[in-house]
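Consider the two complexes below, in which chain A is the common component and chain B and chain C are the respective partners.
Let's turn to the complex of A and B:
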């Protein structure tokens, strides 16, 4: 019955009545400051949403955009202000710290908060009733990323015996490092980690770090990075002519981003990220990509893959709940969000159906193997989503 | 312990980077030595020069090593005008006011760059940027070698100017005894401005060298201002040779600490070096008395 009603809803969109004409969605993102690039990338996903969702669901959405300025206190105060100004749902806010602050405000004020991207596990571990997240927590991302390593070796029919693990030493990097250290022994992967090298994500020079990694003679570089350090590190690998079998991130940003490929040219190719992504096979993804291209003709959709897709899906969840609730009352909306059941084929991001568990967390968001091929992040595994063929081991640097 | 070639590579890389650091700190040292002005906008001036080099590369396809000459001249004039037209007015004000003035200048430059260029990192990509010289088991980064050569040449030219020209000698007289210089009729305001111009020119050359080693972002300045201070204090405030030695000491010690202890220990070692030196030789390696 529920499935039938969901199907009917997507198949026959109709407009809501005048009494609930418009849903005001407050979008909180770091559009300036340290995380501005990623915040702006997320914002693109939100910007495309109202028109596309009007066509698909027949609902009207008004975005109320707020800049968190890459600052926790600003995130909190902007959330307060958006609610004062009439926002009925909050979406955001990429950074886990900012998101946690916004979640507190949302819970106190009784306004639903749909997290677009933020991986800190505790966000959905607080017993909040108004906080919902369609993004995997960090341990799940790490586990999915490591499991996919085995798929890479099976597909390539070759496996490294040793690896060196390099990671940024910020909160995210250290959480991932702990996760990797705990999970690796349980996954029966064929390699042994011979050295772990933490480094400063703000480092301008990684000569020594790369020298040390190269000195281990490891066959694989397992890398948890961010963007700028990833560029510096890869450049240094080329200068020091260090060519391991592969450079693989088990679930961090950096390697699949536009600046990485543009800044490094051919040296950015063949690096691998096992990460959450969009589902290139879904019709809604094609529609979203087309709308994205129309709105931002200078931007390559693939480079905004995660950020735009997960932000769009967060607005989609709000719109879907609004349609079913037929109300802008925050409590009714929160209840409708709790009952969400968006089929896997009707979401842009890759994963199973969007259903929230008792904690407000969507389970079953999946990762894919992304490899930079000819300057573009390309899905190479799993086979059913592959857009290109895996290159592993990566060619040696000449 | 890593094999010897890796240690040798780290020492060479640290030495070359240290020489460029030395040139960057040289401007700070010269300005302080003569004008007694602590330039808190030093890192921001270097960042500005780096953006200039990126602009020249993207707009005119000019190699940053060629841009150095034009950048040195532009920054020399800019520094002269800034000191002559603006900073000289504050020369007799209390030190904390002058300090705040330079911090304000740093914030204006940093935010101006953010407004003009946005937050994303920018870089130049020359054809030889990722090349290395292969000397047996050693791999020496080509760009670092060129940058170090440029830094040595710039330092030599600056030293020759201070030693061999009349203006240079007058500046040194000013540094040794400003009141005496006034009594002797030296144009102190002009000499201060020339010194600031030379300091700005040397930081512009350092910026053009650095832009091939690191990407530039608007927020780069404060970190490099702090680094320049550490180098200058280690080398001895006001000493040109000291700035180069300080740069070398920081560059090599950071490289070795990163390789032999842990990369996270790099900054800890350079600041540790600073603390030890302040305890045993507060005037720095080549501070007053040994210049």
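Let's turn to the complex of A and C:
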């Protein structure tokens, strides 16, 4: 019944009556400071949302943007400020620490907080009643990324027997390394990790690390990286003419980003990332991508895939709840968010229906296999979403 | 440094000013919004940690660029035993202070016995903060890189034992800490430690020649500074309820600690307070003004911080407090 009414709502959008005011959505993102690049990318997803959601759902949304400045103290005070200025829902804030601070304010003030991106599992383990997250926790991202390795080998009908695992030695890299080490033995993958090589993400030269990796003769490079180091590392691989069967990231950024493809040209091609993504087959994604292109003509939508999609979906969840609640009262909105049931076809990010469990977490967000093809990150697996054909093993560097 | 003591004909006017400021601070949560209380709490926190750092650098002349070490250690120690053993913050506070004092003493011992000072000392402090950041990334007991989370309390109930309650409670706690730190520093500066620290800061060799045990008094400054900063760490943990090594031990946090005293007036008693308030007000004020003007300019606050630092460095090398004190009728003098 609930599903039917939700479907009907999406199929026949109807403007809300004059009795309901505009929904004020406070969007908190790190648009300056260390995380500015990603924060601004997320912001693009939010910026596109009001007009598109007005067309699709018939609801009016007003965005109230705040910059967390990549600082947890600022995130907290800006959340307080937005609520004081009348924000009825908060969305944000990419970083887990900032998100935790905002979640606390939201919970204490009784205002719903919809997390766009933040992977710390504890955020939805605190017993919060007003915090909701449509993004997989870190262990789930890692697990999904590793499981997809098997899909790659099955699709390519070839599997490496050995792999070398290289990872950045920062907080994120260490966490991922631990996850990979714990999960790999349980997944019955065909390869054996012959060496694990941590490296500094700020390194300007990775000659030694790449030489060591090459010397293992591993057939696969499993890589947990960030952006700049990924570029340095790939350049060094080309320089040393090391061509494993594949360069695959089980859930880290770097390889699918614009600067990677633009900086490396053809050498950026064929690198693979198993990560959360948008669903390129959904109509709403096409509409979103078109609106995105119109609003940001200089930006390639694919390069903002994760950030913009998940942020848009967070605003979508707020708008959907607003439509059903027919109220801007934060408590009514929170109750409506708890009852959310957005079909998998009506969301931009890839996953099952958006339904929150008792903890406020959406289960069933999935990862895809992204491969850089002709300078653009392209979905190659699962088959039902594929926009291009998987290239594996990758051609040798010439 | 200043005696910051009203004297002479303007006593009544200065007393009135102090009374107004005190009343405003005490009544702020009663009349101000949650946002204002949150901003004021942040300003007081920065004033307090700035005061703690000022003891080491401003008074004793020992440069630390790694004070985030003590904020982080204090926070993690108190939060860790709270999360795992249910030990409340008041007990955790003592443990945090003891551990941070010991770590401070170790760093001091290492540095002063090896005659490390100036830039080398600052690098040593940065190295320890970085070591702690990397170390805590690997300590699963403290949550590792995934963070350590404390359960959030009910905003409507005051639980003094568990240090849980409304924002106003944290504000008053921070106000008490900042006032306490001011009092302790004022007292110390008028006693032997203040005079000895001044002598060491100005000329350590001359101080030694006068018979001052410079090692002992420098150690006191380091231990006191680290202990005071540890208390700020405990506050941070129970106020924010989540800790990540990257954020709490980061170099940015150390810089945040020193900005207040540098802008307000290094080595002065009121400098860290004036600097912290100026930075927070300017930062949030800029954001508010731009928002009212409909201008969305991410990073405006950092630009303002940079500009203020630049202007103060060029035009007010002794910080904001000395000229402000003169304008208010106080008589600042460098200790």
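Some notes on this structure:
As a convention for this text, the second predicted complex is superposed on the first by the 397 of 398 C-alpha atoms of A that agree within 3 Å, B and C clash if a C-alpha of one lies under 4 Å from a C-alpha of the other, contacts with A are read in each partner's own complex, and residues count from 1 in each chain.
Here is the rule we use: a contact is a pair of C-beta atoms (placed from the backbone, for glycine too) under 8 Å apart; a residue touches a chain by one contact, two chains touch by 3 or more.
The structure presented is a predicted model; accordingly, all values stated were derived computationally and were not measured.
Clash-free side-by-side placement of chain B and chain C is the outcome of superposition onto chain A.
Residue contacts after overlaying the shared chain place A:290 against neither chain B nor chain C.
In the superposition on chain A, contact of A:215 is made with chain B only, not with chain C. In the superposed model, A:383 makes contact with neither chain B nor chain C.
Applying the stated contact rule after C-alpha superposition, one finds that A:207 touches chain B and leaves chain C untouched. In the superposed pair of complexes, A:122 makes contact with chain C only, with no contact to chain B. Of the two partner chains, chain C is the only one touched by A:69; chain B is not. In the superposition on chain A, A:181 makes contact with neither chain B nor chain C. In the superposition on chain A, contact of A:101 is made with chain C only, not with chain B.
In the superposed pair of complexes, A:84 makes contact with chain C only, with no contact to chain B. Closest CA pair between chain B and chain C after superposition: 6 Å apart. On chain A, the surface patch touched by chain B in one complex and by chain C in the other comprises residues 32-33, 36. For chain C in complex with chain A, the residues that touch the partner chain are 33-35, 38-39, 42, 137-138, 143-147, 149, 151-152, 155, 240-242, 244-247, 252, 284, 287, 296, 298-299, 301-302. Those residues of chain A lying in contact with chain C across their complex are 31-33, 36, 39-40, 65, 67, 69, 71-74, 76-77, 80-81, 83-84, 96-97, 100-101, 104, 107-109, 120-122, 125-128, 138, 170-172, 174-175, 178. Across the complex, chain A meets chain B through its residues 32-34, 36-37, 169, 197-200, 202-209, 211-212, 214-215, 227-228, 231-232, 235, 238-241, 259, 263, 265, 267.
Interface residues of chain B, counted against chain A in their complex, comprise 2-3, 6, 9-10, 13, 17, 118-121, 123, 125, 129-132, 139, 141, 213-215, 217, 219-220, 223, 254-255, 258-259, 262-264, 266-267.
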